[in-house]
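The following pair of complexes shares a single chain, subunit A, combined with subunit B in the former and subunit C in the latter.
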Partner chain A sequence: MGTPSAGQIHRLGRDQLASWVDALLGERKRVFAPVLRRGLRVLRAVERAQDVDFAPGRTRWSPKEFLFPRTETLFSYENRDGVPVLADPPADDVPRILFGVQPCDAAGLVRLDSILLQDPFYARRRELTTVVAIACSEAAPECFCTAVGGSPAGQEGVDVLLAPLETGWVVRALSPKGEALLAPRRGGWETAAAGDWEAALEQAGRVAGSIGRRELPAAWAEKLEQSFADPIWDELARRCVGCSICAYVCPSCSCFDVADEGSDACGSRCRTWDSCSFRLFTQHGSGHNPRATQPARSRQRVLHKFAFYPLQHGGRAMCVGCGRCIRSCPVGMDIHAEVVEVMSGRPEKEAGDVQR
Partner chain B sequence: MSERAAAAAPTPNVTRTDPMQPAPWRVVRTEPETHDAFKLTLAPVEAGPPFTFEAGQFNMLFAPGVGEAALSMSGCSGTVDRVVHTIRAAGRVTKTLRTLKRGDVLGLRGPFGKPWPVGLAEGRDVLLVAGGIGLAPLRPALCHMLEHRERFGRVNLLYGARSPQDILFAKEIETWRGRFDVSVEVTVDRAGADWHGRVGVVTTLVPRAQFDPANTVAFICGPEIMMHFTQRELERHGVPDESVWVSMERNMKCGVGFCGHCQFGPLFVCKDGPVFRYDRVAPLLGIREV
Partner chain C sequence: MTEPTLQARTETAAPTWKPQIAAIVCNWCTYAGADMAGTTRREYPASVRLLRVPCSGRVNPLFILKAFEQGADGVLVSGCHPGDCHYVQGNYFARRRFAAFRSLLNFLGLDPRRVHFSWISASEGIKWARVVGDVTRAVTEAGPLTDWGRASSPAQVTLPEPPAPRPQPAAAELEAVTGHVRELAASLLREGKVSFVLGWAPGPSPGQTIPAFIQRPEDAATLVFDTHSHADLAAFLAGPRKVSGKVAVLVKACDARAATTLLAEGQLVREDVVLVGVSCPGMWRDDRLAYRCHSCDGEVGALCDFTVSAAGVQPGALPTGAKRATGPDPRDLQNAHLESLPAAQRWAFWQEQFADCVRCYACRAVCPMCYCGSCISEQHRPQWVPTSIDGRGNTAWNLVRAYHLSGRCVGCDECERVCPANIRLDLINRRLALELEQRFDYHAGTDPEGAPPLATFRPDDPQEFIY
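Showing the complex of A and B:
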C-alpha cells in the first residue's frame, strides 16, 4: 500500500462506513442520511451513525428538500413609520453532507441546479453540500434511470460514490468536493484491490440489465413537442386527481409558489413547493384560468419534463427515472408508460383540440 | 432594484441580490380611471440607482400582507423618478392596491420582461391595437412615438373597450385625437343610445387605419382571442407575422423565470416575454390550454 493520494480508490469494511459518518458528525458537519422511521425509509439529519440505514435503495422522499425546502421564508418585514423594512432570514452556513442517496437523486440535484442556482438561498446551500451516493444493488419495478441517461452507478452530481462489495464498500471521489471530503481519511483507509472498482461497476451493470422499463425511442423530445394536440392526453389524464404527489416526491421538480403572510404592520414572504398539476397554478387574479382542465395540466407536466426542458438543456430530460411518482400515485399514473405510449406510433389523429 | 432592497435590510447576508425582495415605493397620487380601473403614481422611498424601463415592461407590486401582482407600467418609458401604473381592480392584490391613499407605501420590484421593440418600428408605419386594459402597456410605446414623432411613419391607435364606461385614458384620447400626426380609432362592444362612437370588435377598425402593410409594425395587447383575430385581420391586409408583436398575460410569482407559473409551452412569459413576436407564439396560441 503506497502513500494515499488524490484519486485513489479505497475499500472499506462494513463498520468503517459508520465510523466515517461519526467522524463527520464530530467535525460539526450536518449529515443527512437514510433512516427507518415508522416503517418508511426517509432522509433525516442524523446524530449518530448507528441510526443510519446504509443499505442501497430509494428513500420515500427525494433529497431535494435539504437544498430547496418545502417552505422557506424569503424575507420578513416590519412597518416602521409607514415604511415596510425588510429583514433577511437567519443565514445557515453549516457544511452538510447528503450521505447514502441514490445516484439518480444526485442527478436530480443537477436538474435543480439548472433552474435554481440563480436563487441565492439555493445556491448557498448547494455550495455547502457534498453528495455521497450509494450505487444501487437492485432496481425497483418503477425504476427507469437507464431510459433517461442515468445508471445504477451514475456519476452525475455525485461527489463521492460508494458501491457495495460482498465484504464491504468501495469508495471513490468523483469531484474536488469529494476529494476534499476524503482527504482527511485516506491515511487510515485501505486502498482498493485491483478489480474492486470494476467489480462494483459490473454489479451495477447487472442491476441496469434488470431494469424492465424500455429506453425511449430516438428524438423523443422533438416528437413529444409535436404531440400537443394529440387526443391521447385526454385519455391518459382521465384518471389524474390532481393531487400533485408526483411533483412533491420528484427529485427534479422545481416549481414554487410565493405566499405573502401577515398584515400591513408585519409579515413575511414564503416560498413553498408548488405543482403544475394544481388548478390554481395558472389561475389569474381575475379568476380566468388559461389551463383550466386536468388533461392540459398533465400534458404540461410531462411535456415540460420530456420536451421543453430537454430541448433547452442539452437533451437531458427533467426526470431522472427514480420512479417515485409512479410508486406514490394514488391512481396508478405512470410517467414512463405515458411517454412511451404517446410516442408508440399511435395513428396520428386529426388535431381534435385545436380550436382555430 | 435588488441593491436598493438590500440597502433597506438591516442584516445583509445571502439575500443581497435576491430578486424576490421588493423595495419600498410611496404612492404620490391616485386617480380613478374608470369604474374599475385606477392609476397609481409611485416614487421610491429610498435614494438609489435610477429606475429605467422600456415600454411594455412590468413590475411586481406588493401589497404587504396581501400579495404581489405582475403589472405593466403605463407611464412614459425611460429613466424616471415616478412610476405610473394603470390597473384594473380584478383580484385580491389589485383590489387592495385600489384602496391605497397618497402617502401609503407599497413594495415594488422590477422592471421585468421584454419590451415592445419600438426601435424596430422606426421608419415604418405603426399599428397599436389595444383591447380593454391592454391599452395600459401600449401607452408607453405611444408616448415614446409621440415624443420622437419624426422617427416613425404613420402612427395608428386602434382601441376596443367593452363599453363607453370602460374606456381608459378618455381625456388623453381626446388630446391624441386633436393631433394631426396620430390617428385614433375607438370602438366599444356595446353601448347605450348616448354613445355616438363606433360599436363592434376592434378588428373592424383595421380597415380604417392607414398603413403600408409591407412596411408596418403592429403591437397588439388584449385578451388572447382578441390578439388572435387582430392578427388574422392584419394578415388579410398583408401584414406579415414577423411584423406583429403581442403581449401575453399569465399568472406570475417570481417574475424572473424560475417559479414555473407563467410557462407557455417552452416559453416563460415573464422573461421570454411578455412581448413576443407573433410567429414565435402562433403555434401555441392555436392550442387549447397551453
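Showing the complex of A and C:
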C-alpha cells in the first residue's frame, strides 16, 4: 500500500464504517443518519454509530429538512416598553454530515439549491453540509430514479459515495468537500482492490435493471405544459384528497409559508413548509382561487416538476424518482404513472414515444 | 392573554414562583360572584386573570388549549348553576363539551390539577374565593407548566400487542365477493341508476388498493375487494371531497357507520347515494389484523341498499351470515396500559408522537367526518392553530382534531393508517369515543337520526368533575 492520495478509492470493513461515524462525532461534527424509531426509518442527528441503521432503503422523510427545516424562525421581536427590538435567530455553525442518504436524495438537494440557494439561511447550512450517500443495493416498487436521469449509484450532489460490497464497503470522494472529509482518514484505510469499484457499480447496474418504470424524457416538458387544459387531469386526480404528504416527503419540493406567530408583546416570524395541494395555498383575499379544484392543485404539482421547472431551469425535471410520494400517498397517487398517462393521451406524440 | 407576564413562562420552580391561572367566567354569574367577593372584602389569591364571556356555552374548549399554549399554568372555567343559565341552555351544552375535552386532556396526560370547572352564582362570592383558593393550591402543587409542546423526558412506553395473529380469510371467498361487486357495479351503471361507483382498485404498491371512481360498466372489472380495501370511501360523500351526481359507494362495516353519522349530521341526502355493504372479513395491516377489526363482526348494518357477500348480492341490508369471531379490542388494551402509567409519562408519550407530526393534514383529508369547507386550522383571525410545525403547533392541531371528532368518530382508523409519522390517532379517537359512550350512551354511527352527543344535552348529565 503506497502513500494514500486524493482521489483514491478505499475499502472499509463493516466495523470501520461505524468507527468512522464515531470519529466524525468525536470531531464535534453533527451527523444525520438513518435510525429506526417508533417503527419509522428516519434521518436524525445521532450520538453514536451503533444507533445508525445502515440497511438499504429510503427513509420516511427526505434529508431536505436539515437544510430547509419544517419550521424556522427568520427573526424574533420583542416589545420593550413600546420600542420594538428585533433579533436574529442564534447562529448555528456546526459542520454537519448527511450520512447514508440515497443518491436520489443527494440529487434532490441539487434541485433545492436551484430554488433556495439565494436564501442566506439555506445557503449557510448548505455550505456546512457534506453529503455521504450510500449506493442502493435494492429498489422499492415505487423507485424510478432511472426514469429521470438518476441511478442507484448516482453521483449528482454526492460528496462521498459509499457502495456496499459483500464484505464491507467501497468509499470514494467525489468533490472537494468529500476529499476534505476523507483526507484525515486515508492513512488508516485500506486501498480498494482493483475491481472493487467496478463490482460496486455493477451491483448498482443490476439494481437499475430491476426498476421497471419507463423513462420520462426531459423533452416531454413542452408537451406536458400543453396538457394544462386537458380534461384528463380531472380524471387522474379525482381521488386526490388534498393532504400534503407528497410535498412534505419530497426531496425537492421547496414551497413555504411565512407567518408571524406571537402577540403584541413578543413573537417571531416563522417560515414553514407549505404545499400546492392545499386549497389555502392559492386562495386570494378576495375569495377567488385560481386553482379552485383539487385536480387543478394536483396537476400543479406534476406540471411544476415535469414541465414548468424544467422549462425554466435548463431542462431537468424537479423530480429525482425517489418514489416517496407514491409510497406514502393515502390514495396511491402515482406521479410517474400520471405523466405517462397524460403523455399517452397527447395527440402530438411521436410514434413509439409512449409505451407503458 | 397577550400580556408579557403571561408570555414569560417560568422555566423553573423558583421559590417566588406563583401560578398564572386563566379564569374564563360567565358574565351573568361567576363574574358577578367574583365582584361580590371583592365588595365583601373576601380574601383570595391574586393568581387568576379573569376572561369574561357572555356564557359558559360561549367557551370553546379551544380557549383552554390557547391559555395553556400561551403560558397559563392552570385554567378555571366557571358558569351558572344548571337551570340558571341566562340563555336557558348554554351551560348544559358547555357541560358536555367540558366533559369531552377534560377527558381528552386527562388521557393525553396533562396533570389533572391544572384544569378546573365550577358553577358559581352572582351571590356566591364566598364560593368564588374558596374555589380560587382550591384551584390555586392545586396548580401550585402541579408546578409551572414547562412541557406544553414537548416531552420533558423520554417516555419509554411499549404498547402491548394483541396475541397470536389470525389466519387470513380464504382467497376464494374474497374473489367471490370481488366478482359480485363487479357485477353489481356494472349493472348499476348500465341501468343508469348511478353516475359513479366508488370502490377499490389495485394501487401502485404491491398489495395496495386505492379509491376508484368507476364511470363505465366495462371498467367495473378493475374493482377488487380484499384484505387491503382500507380506504373509507364515505370520505367522498361530503364536504370538499364530495363527488357530484348520484353515486353508489362500497362500504365495509366501519364505512357504513361513517355514512350513518353523515346522515345524522345532515351532510348526506339518503336518496343521492346507493350504499353497497360488503361483507368484510377484516382488514390486514402488514401481517396482522387491523386493530379495529378485532372487535367488529363485519356486518354492515341496517342502512344499506345492497349487501354483497361471497354468496351473492342481496337487496337491502341483510345479515351476511359471515359473522367473524370477535375478541377484545387491542386499542382498548393499549389504552388501558397507557392509562396505568403516571400522567407525566403519558404526556411524554403523546408529545413524542406529536413531535413527529408534519402537519400534512392527511388525517383530516381521509376522515369522512372532516367535511368542513374551511378547517379551523386554516383560520388566521384568530389563529387557533399555529402554522409552525413544532411542538406547540402540533399539540394544538392534534388536540383540535381529536376534540372536534369526539362523539363523531366511528373508528375507521383511516387517520392512523395514512399518518406518515405513525401517530396513534386511533388510540385517542377510541378513548374519546368510549368516554362519550359511557357518559351519554351515544354510539357514533348507529343511528342516522340521533342527535350528535355534543349537539344536545340532558339536564341531569353527570357533572362529578365540576366544583
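Note that the second predicted complex is superposed on the first by the 338 of 356 C-alpha atoms of A that agree within 3 Å, B and C clash if a C-alpha of one lies under 4 Å from a C-alpha of the other, contacts with A are read in each partner's own complex, and residues count from 1 in each chain.
In this section, a residue touches a chain if its C-beta (ideal position, glycine included) is under 8 Å from a C-beta of that chain, and two chains touch if they have at least 3 such contacts.
None of these values were measured; they are calculated from a predicted model.
Student: Give one word, clash or fit, describing how subunit B and subunit C relate on subunit A after superposing.
Tutor: Overlaying the two complexes on subunit A (C-alpha atoms) leaves subunit C and subunit B fitting together cleanly.
Student: Answer with first, second, both or neither: which of subunit B and subunit C does A:142 touch in the superposed model?
Tutor: After superposition on chain A, A:142 lies in contact with subunit C alone.
Student: If we overlay the two complexes on their shared chain A, which of subunit B and subunit C does A:222 touch? Say first, second, both or neither.
Tutor: A:222: touches no partner chain.
Student: Can A:341 be said to touch subunit B (first), subunit C (second), both, or neither?
Tutor: neither
Student: Looking at A:75 after the superposition, I want to know if it touches subunit B, subunit C, both of them or none. Which is it: first, second, both, neither?
Tutor: first
Student: Between subunit B and subunit C, whom does A:296 touch in the aligned arrangement: first, second, both, or neither?
Tutor: In the superposition, A:296 contacts subunit B only.
Student: Which partner does A:257 reach: the first (subunit B), the second (subunit C), both, or neither?
Tutor: In the superposition, A:257 contacts both subunit B and subunit C.
Student: Roughly what angle, nearest 10 degrees, sits at the C-alpha centre of subunit A between those of subunit B and subunit C?
Tutor: Roughly 80 degrees separate the directions to subunit B and subunit C.
Student: In the superposed model, does subunit B or subunit C contact more residues of subunit A?
Tutor: Looking at subunit B versus subunit C, the one contacting more residues of subunit A is B.
Student: Report for A:304: first if it touches subunit B alone, second if subunit C alone, otherwise both or neither.
Tutor: After superposing on A, A:304 lies in contact with subunit B but is clear of subunit C.
Student: Closest pair of CA atoms, one in subunit B and one in subunit C, after superposing: how far apart in Å?
Tutor: After superposing on chain A, subunit B and subunit C come no closer than 7 Å at C-alpha.
Student: If I apply the document's touch criterion, which positions on subunit A are contacted by subunit B in one structure and by subunit C in the other?
Tutor: 79, 257, 259, 261, 263-265
Student: Quick check: in the complex, which residue numbers of subunit A touch subunit B?
Tutor: 74-75, 77, 79, 82-89, 91, 115-116, 118-121, 124, 225, 228-229, 254-265, 267, 269, 271, 274, 276, 281-287, 290-293, 296, 300, 303-304, 307-308, 311-312, 353-356
Student: Under the stated contact criterion, what part of subunit A meets subunit C in this complex?
Tutor: 38-40, 42, 60-61, 70-71, 79, 141-142, 238-239, 241-245, 248-249, 257, 259, 261, 263-266, 270, 272-273, 275, 278-280, 294, 326-328, 330-332, 334, 337
Student: In their complex, what parts of subunit B are in touch with subunit A?
Tutor: These residues of subunit B touch subunit A: 5, 8-18, 20-22, 24, 45, 62, 64-69, 90-94, 103-105, 107, 224, 228, 249-251, 253-254, 256, 258-261, 263, 265-266, 285-290.
Student: Okay, in this complex, where on subunit C does subunit A touch?
Tutor: 1-4, 7, 70, 203-206, 208-213, 231, 235, 240-241, 243, 352-353, 356, 358-362, 364-366, 378, 383, 386-390, 393, 414, 417-418, 420-422
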